[in-house]
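In the two complexes that follow, subunit A is the common piece, with subunit B as its partner first and subunit C second.
Our next item is the complex of A and B:
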């Protein structure tokens, strides 16, 4: 290949990327940067918006709620998702396909439709409370909605597929003969799990857990609908500051905090586990 | 042993039990919504005392729901066309290009996927207020394109990377022009990637709530916005009917994708 041709190809390659670069520069990078700039220029230049965020107890509570819910959701998702991902890699083909179909169908079902289902299921006259009362387990309906319990249930429901699918891919990369070797060397089931299977699947668990945590931090729809007005989370707070209170400075500051947390955790993800969506195999 | 289904012993039943529970947890709400949409109880009693099509009739008779439905469909189709086209040429650059900073550019193109949507929504809302794109079809389409682009770039560039370029070169050697070769050899070969990109970008726009809440005006609402505002008032069974229609569309698209993949193998 001649030098001229190489140069031409180089130019051609970049040329084709320019339209998308322009779209993202104008409609993504610029708006986000100017929102963040407003957080240090409105109402006047300085960091007072960030000071307000830290000092006001209402906002501190929102941050606390957000972290708490994201952590609890992550832990529950890992506990429920790990056995399913494990099973998916060993189940006979037909059954694995059924479980797969269930996970994909749930994941691709409209988010609002799923949240609506939980709003109906969890209300005080909903199926869950009615059945528990009919069975005589409780006398008065449990408060399952308009609080953080409802948010946690709804979020675990949304996050499970995002955890199970990548972890299942990790399980598939584990060579079953390593476990045979463990057993030949005299390891019992528990020992084989703790010293072979768990360490081999741990990267998948940590990477999936991190994805779930990051997604939960910035989640909007489910907390807004299942959490009620007194249990706000960060994303909803940002929306409200901007849309109802028109406080662009404070809203921008809260958005910046969320952005920095997300990018930091994402950088950690890429650094330790590789970019998501590019399965290491 | 632990990765052999037939030799797991008692552990097998524990794991099967959890898997069944989680699967039920995942599928029951979807079934529940569909059942409620045909149930005759205004108050969403379950199991329903009787069955009816009333909520679907109300949905199709309500001009506001119908307007929202068509608005959603129009926006999603436009997003699908523009996003797939843009992702296609971008993928050529990312896969075939040999320029400096290609990997950084690839990572940059995927960032809209990782940022919390609410940040993008608020930022675009501020920008569109300034340039008068709020509450317009253009505003909706552009905003959804930004979100959908990474999801279209990933399958197309994966398909393009898996395509052996020498086939294209062979066509050129045999007298095809470079563009003819791309159009008639390369595009058909990566059609599965293109199809996946189309499905993803359509569904992302069709299901998108957060940006839509900010972009919507009283006269221009998508289905999710309409569901969102109804949900804040009451839990009418018409919402269950509307949700079931959304689920049906997803099912049809997923089956179509599965069928095409099967045919390809």
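Our next item is the complex of A and C:
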């Protein structure tokens, strides 16, 4: 195959991408740019909206909440999801298919329905508290909802599939005989995990964790329904600024800061672990 | 996710609307969705559809950001919008609304508290003190002060989450301010009063959630929309209303500036402004939400007066101060 031919084929490939690029330009890039413009032109030209964001303690607290919740959710998701992903890759095919089906089914159920289900479970008169009180384990209901606990439980549950599925793909590329080799060389279970499995799967953990973290940063429904007003996160604040207060300038500034942070994290991932889908060995 | 479904619905609706344009007038009606919007459409829109062949497309939910954006971009797709009254005052001041044509709409038929040059009541409602009688002791709450009495009524109570006329008035009335001295609201005093129970407040963001909270007993006491409590009462739940100093307000219908089908929009609003239109609306919501249609209508008829102790909220004042209060409200909530 000549070099010219390869180049031509490459150009044809670009042609096929044009419709998608146009859709992105019209429905994503343009609105983002116009929102950015509003953030520096309303009420007047300048950076006053960004200054307000930094200077107002309420907004600073919302930024802190957002990062804190996203971090807690990511760490817990990794701890809970890792063994599940490993189990998926070592289970015999039929059982793996069942576990897969359960994970996907939960992913495909309406988000709002799932979140309302958590409300019913977690509230003071909910299933969990009533059962614990009936069993005599607690006297007064545990505060499981309208606080950080509620947000964390609800979000970890929603994020788990987004971590398990990519990590499971990483596990598939690991040859199980490396673990056998480790134990033949005298490594105990813990050592085999720490020195063989974990390093080999670290890329998957970090990129899965990043997906969870970035998604959590912009989450709306779950924090709004399971959290209290003092756990407000950025997405809810932006909606409030724009929809209820008609403050497009400030809302735009907050949205833009969120976008920049997300892009920075993405750039970090590309820099250290390669672009998604492109395994770095 | 919700919004996407709505958008698809709107696109489909627009397609149908365009194809129907050859036959008669078309207009878009936007409200908050659910059974209330259905009832509004049935009561005031359906007659236009049947008698004049008007094509009415429904959109929603109401979104003030979108409202403002379409007026400013001069690309208005909504003709009649159901909004909160305080927003209507603010929007009129900011030039976002069309003045209404009172040669089409009968102004005299409307409760004068709930009509302006730019807005006509869609339905009245009151914030009331509601409680679950099974879960409170023998003492029953007698007024707003009891909502703040953690000794007589310990435990969680529920309040409306969004910055809106209601909770601040309740706090001041509970603190002993006379209704005639409520406005301008003493915000410092109101927030200080709310602070005394803040950690016991569970916020409700929508009507369905408020019903769930009182019915399950999660919050046996709180502030509610009266129209959301009747269906619970009618279904046999031990929910009681303390009408003392109930706070009257209304949702209103407005026409965004530059709406493409103003004339048809005026007719729609004219239908809503008649006593017959109001009766049709309340008959539908009570029939829909309450099996057998008991309960509701009786309450509705007393509502405009609402008893001697009803307090009418000053929504014009709210229109002027809406944003300042909202900033403070959300900052206070987030603390």
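We adopt the following convention: the second predicted complex is superposed on the first by the 245 of 281 C-alpha atoms of A that agree within 3 Å, B and C clash if a C-alpha of one lies under 4 Å from a C-alpha of the other, contacts with A are read in each partner's own complex, and residues count from 1 in each chain.
Definition applied: a contact is a pair of C-beta atoms (placed from the backbone, for glycine too) under 8 Å apart; a residue touches a chain by one contact, two chains touch by 3 or more.
Since we're looking at a predicted model, the values are computed, not measured.
Enquirer: Which term applies to subunit B and subunit C once both are placed on subunit A by superposition, clash or fit?
Expert: Superposition check on subunit A flags a clash between subunit B and subunit C.
Enquirer: Considering only the touch criterion stated at the top, classify A:23 as touching first (subunit B), second (subunit C), both, or neither.
Expert: The answer is first: A:23 touches subunit B but not subunit C.
Enquirer: Quick check on the superposed pair: does A:105 touch subunit B, subunit C, both, or neither? Answer first, second, both or neither.
Expert: First partner only.
Enquirer: So, does A:248 touch the first partner subunit B, the second partner subunit C, both, or neither?
Expert: It touches subunit B and subunit C both.
Enquirer: If you count the residues of subunit A that each partner touches, which comes out higher, subunit B or subunit C?
Expert: B
Enquirer: With both complexes overlaid on chain A, does A:140 touch subunit B (first), subunit C (second), both or neither?
Expert: neither
Enquirer: Which partner chains sit in contact with A:32 here, subunit B, subunit C, both or neither? Use first/second/both/neither.
Expert: Touch partner of A:32: subunit B, not subunit C.
Enquirer: Identify the partner contact of A:240: answer first if only subunit B is touched, second if only subunit C is, both if each is, neither if none is.
Expert: The second partner, subunit C, only.
Enquirer: Once the shared chain is lined up, is A:180 touching subunit B (first), subunit C (second), both, or neither of them?
Expert: In the superposition, A:180 touches subunit B alone.
Enquirer: May I ask you to decide whether A:121 touches subunit B, subunit C, both, or neither, giving the answer as first, second, both or neither?
Expert: A:121: touches subunit B, not subunit C.
Enquirer: Residue by residue on subunit A, keep only those touching subunit B in one complex and subunit C in the other, then list them.
Expert: 110-112, 123, 125, 225, 242-243, 248, 251
Enquirer: For the complex, which residues does subunit A have touching subunit C?
Expert: 56, 58, 61-62, 110-112, 123-125, 146, 224-225, 228-230, 232, 240, 242-248, 251
Enquirer: Please give the residue numbers of subunit B that touch subunit A in the complex, ascending.
Expert: Spelled out, the residues of subunit B in touch with subunit A are 1-5, 8-9, 11, 14-16, 18-19, 22-23, 25-27, 29-30, 32-33, 36, 43-44, 46, 86-87, 89-90, 92-94, 96-99, 102, 105, 107-112, 114-127, 142-143, 145-146, 149, 154, 203, 207, 209-210, 213-214, 224, 227-228, 231, 235, 239-240, 243-244, 246-247, 250-251, 254.
Enquirer: Considering only the defined contacts, which subunit C positions touch subunit A in the complex?
Expert: For subunit C paired with subunit A, touching residues are 1-2, 63-66, 68-69, 156, 161-163, 202-203, 205, 216-218, 323, 326-327, 330-331, 333-335.
Enquirer: In the complex formed with subunit B, which residues of subunit A make contact?
Expert: For this pair, the touching residues of subunit A are 6, 9-10, 12-17, 19-21, 23-24, 27-28, 30-32, 34-35, 38, 80-81, 83-84, 86-92, 98-99, 102-106, 108-121, 123, 125-127, 157, 160-161, 171, 174, 176, 179-180, 182-183, 189, 192-193, 196-197, 214, 217-221, 225, 235, 238-239, 242-243, 248, 251-252, 255, 258-259, 262-263, 266, 275, 277.
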